[in-house]
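Look at the two complexes coming up: chain A is in both, with chain B in one and chain C in the other.
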Partner chain A sequence: MNEKVIDLKFDKLDTNLAGNRLGNDVFAEQIEPYLEYNKVNIAVFPETIEDIASSFIEGMYKKLGEKYGKSKAIQIMLLDAKNKEAKEKISESIETFGV
Partner chain B sequence: MLVKSYKKKVYFFANKVVRNINTCGLKDSLLYDMLSGKIDCEEYVQYFEKANRVRSSSFRRIIKHDDKRAISHLMRDIKTFLKRWEIEKDDCSRISKIVSELADNACEHAESECFIDVDISNIYKKEGEDNEYYSVNICVLNFSDILLGEQVKKKIVSNQFQMSERYEGITYAYDSHKNFFDNRYTKDHFFILASFQDEISGRCEESNTGGRGLTELVREIEKCVDEYDCYVLTGNSVIFFHPDCLEIDNDGWISFNVEKDFTNHQPDGKIISYSDTDLGGTGYNLSLIYKRSL
Partner chain C sequence: MEKAIYSLAEAINGLSSTQSDILNYVAIVISFIAIIVSIYSIRVQKNLNNVNLQSDFYIEIFGDYLKNKIPNSAKNLTYDCNGKMDNSYRNVSKVMFSMIRECGYFKYIDNSFYYTLREKVQDLDEYLVNLAGKRVMNKEEQQNNLISVHKEIEKIVLYINKKYQEY
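On to the complex of A and B.
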């Protein structure tokens, strides 16, 4: 399946991301308007983001999860990061807690 | 508020506070400054209202519930504070996440501002041991009419959720636990415990997702700390987190008992308690004790 990459943007002072509501807002503002449902959408965190709490990830998947179910939500949107540590944290979070 | 808005005199009593690994942070508190005469009541109010305060071994912040970015900044700043003490990088990350998750919960579910206090103890030794230990003592406090467990209770009791395996399970567990309720273990306690369960959320619009934050708290507490002394007080209800009662049972619930069966057995007596004083909100008190790397 084709991929659609969505590069996320944050303030320079934001090196850590936490909070369900913020995750929800980032999804609504930076991802949802650009989703293509016939592709695998990959939202990419910039290099400046070093750590991401699971509450933030949960917030990002909230709307998709409620509408399509958790398994389908992960198929529609994947998360990736340019920062190696953040990338590991995303995998760990989704593996441990799901969405 | 009592002093500033209602012009009341407030007297503070502390009965038999023993200085130990859990309580040493009191010396950095504004209350201690006032009791020892360093500041007066008006100065107490003035300093208390400052949103941020960082001292050599203590970190304090007040977060407004509608400031969504504040939780991320809190996570970043707690890590920065902890890095000054030789705390392992992964532990700094875990602690900052625990604090930010609890603060996020408070701001979102209780719809109130949140007070955070983190202090690092001096080094202590256990009797008969050469190992050194220190404690990271955390308080996350909010004052609100919405207590921990209330929103989950409302959801379950009035069936305000889409049917899912997890919510069916909690409803079944509630019916089972009704047989255990008495003067000590109440319905309120049950719904506090339910709030900690994976995939159970107090958010009205969520039935298929959510319910991670408090579960993560419990799991993170278990990792890499040598010992811990943690409890939550909400209203009059107290839940103590005891290691032998936090195992996940066969149905994926945190058991809260030594039988390792959340649904069919009541929570262990030692984790349930009651406070004569109604907190008027929810307060987490976590003491995470680490062995110092040599």
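On to the complex of A and C.
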């Protein structure tokens, strides 16, 4: 399946992201309008983002999960990060708490 | 219990031949009491076995986290010279996440405990990520922040400990 990369943008002073609501807002503003449902959409956090709370990740998947179910949500959207530690955190959060 | 039932049967047999036999009536009553006590004892033993099993699982799952992993992850919490939390703060969430993954047994045995614990761990993670994202140069504020993190960790440890006491 084809991939579509969506580069996320944040204020340069933001290094850490937390909060279910903020995750939901970021999804709504920066991802949802650009989703292509026939592709695997990969939302990429920039290098400046060093840590991401599990609550934020949950918030990002909330709308998709409610609409399509949790399994389908992960098929539609994957999260990635240019910062190695943030990338690890994403993986651990999803493995521990799901989406 | 079989003995009690046998005694009861014998007493009832005796009752049919001499109706005024007080001893047989007493034997019947005592046999009934013995049967009830036996049934109750079996139920108590079953419950005890279940409690012991859960207690064993509890120690197996949480023991090392409470004794070693959680305290070790928290002992290196500190601020660096730039006013940011040292990267070792990440170990706290790593250990807590690992604990949640390993205690999935409680999702089915004690759903409420599992999901409350999960929520507490997510709250701690969010608190840490927020704190770690801020630059704090004031030493007193740094100290207060570190104390508050330890207090949040303590809440989780006490919650798990309290559950053990119920067993």
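The rule we apply is simple: the second predicted complex is superposed on the first by the 99 of 99 C-alpha atoms of A that agree within 3 Å, B and C clash if a C-alpha of one lies under 4 Å from a C-alpha of the other, contacts with A are read in each partner's own complex, and residues count from 1 in each chain.
The rule is simple: a contact is a pair of C-beta atoms (placed from the backbone, for glycine too) under 8 Å apart; a residue touches a chain by one contact, two chains touch by 3 or more.
For clarity, every value in this text was computed on a predicted model and none was experimentally measured.
Asker: Touch test for A:D25: chain B only (first), chain C only (second), both, or neither?
Answerer: First partner only.
Asker: Looking at the overlay, what does A:Y61 touch: chain B (first), chain C (second), both, or neither?
Answerer: first
Asker: For A:T15 in the superposed arrangement: first (chain B), second (chain C), both or neither?
Answerer: A:T15 sits against chain B and chain C alike.
Asker: Counting residues of chain A in contact, which comes out ahead: chain B or chain C?
Answerer: Partner with more touched residues of chain A: B.
Asker: Based on the superposed arrangement, let me know which partner A:K70 touches: chain B (first), chain C (second), both, or neither?
Answerer: Only chain B; A:K70 stays clear of chain C.
Asker: Give one of first, second, both or neither to describe whether A:E92 is in contact with chain B, with chain C, with both, or with none.
Answerer: So A:E92 only meets chain C here.
Asker: Is A:T48 contacted by the first partner chain B, the second partner chain C, both or neither?
Answerer: In the superposition, A:T48 contacts neither chain B nor chain C.
Asker: Which parts of chain A are in contact with chain B and also with chain C?
Answerer: Comparing the two interfaces on chain A, one with chain B and one with chain C, the shared residues are 14-19, 51, 53-56, 58, 96-97.
Asker: For chain B, which residues count as touching chain A in their complex?
Answerer: Listed in rising order, the residues of chain B that touch chain A are 68-69, 71-76, 79, 93, 96-97, 100-101, 104, 108, 198-199, 205-210, 212-213, 215-216, 219.
Asker: Can you check the complex and tell me which residues of chain C touch chain A?
Answerer: Residues of chain C touching chain A: 87, 90, 93-94, 97-98, 100-101, 118, 122, 125-126, 128-130, 132-133.
Asker: Provide the residue numbers of chain A that touch chain C in the complex, in ascending order.
Answerer: 14-19, 50-56, 58, 85, 89, 92-93, 95-97
Asker: Okay, in this complex, where on chain A does chain B touch?
Answerer: Of all residues in chain A, those touching chain B are 11, 13-22, 25, 51, 53-56, 58, 61-62, 65-66, 69-70, 73, 96-99.
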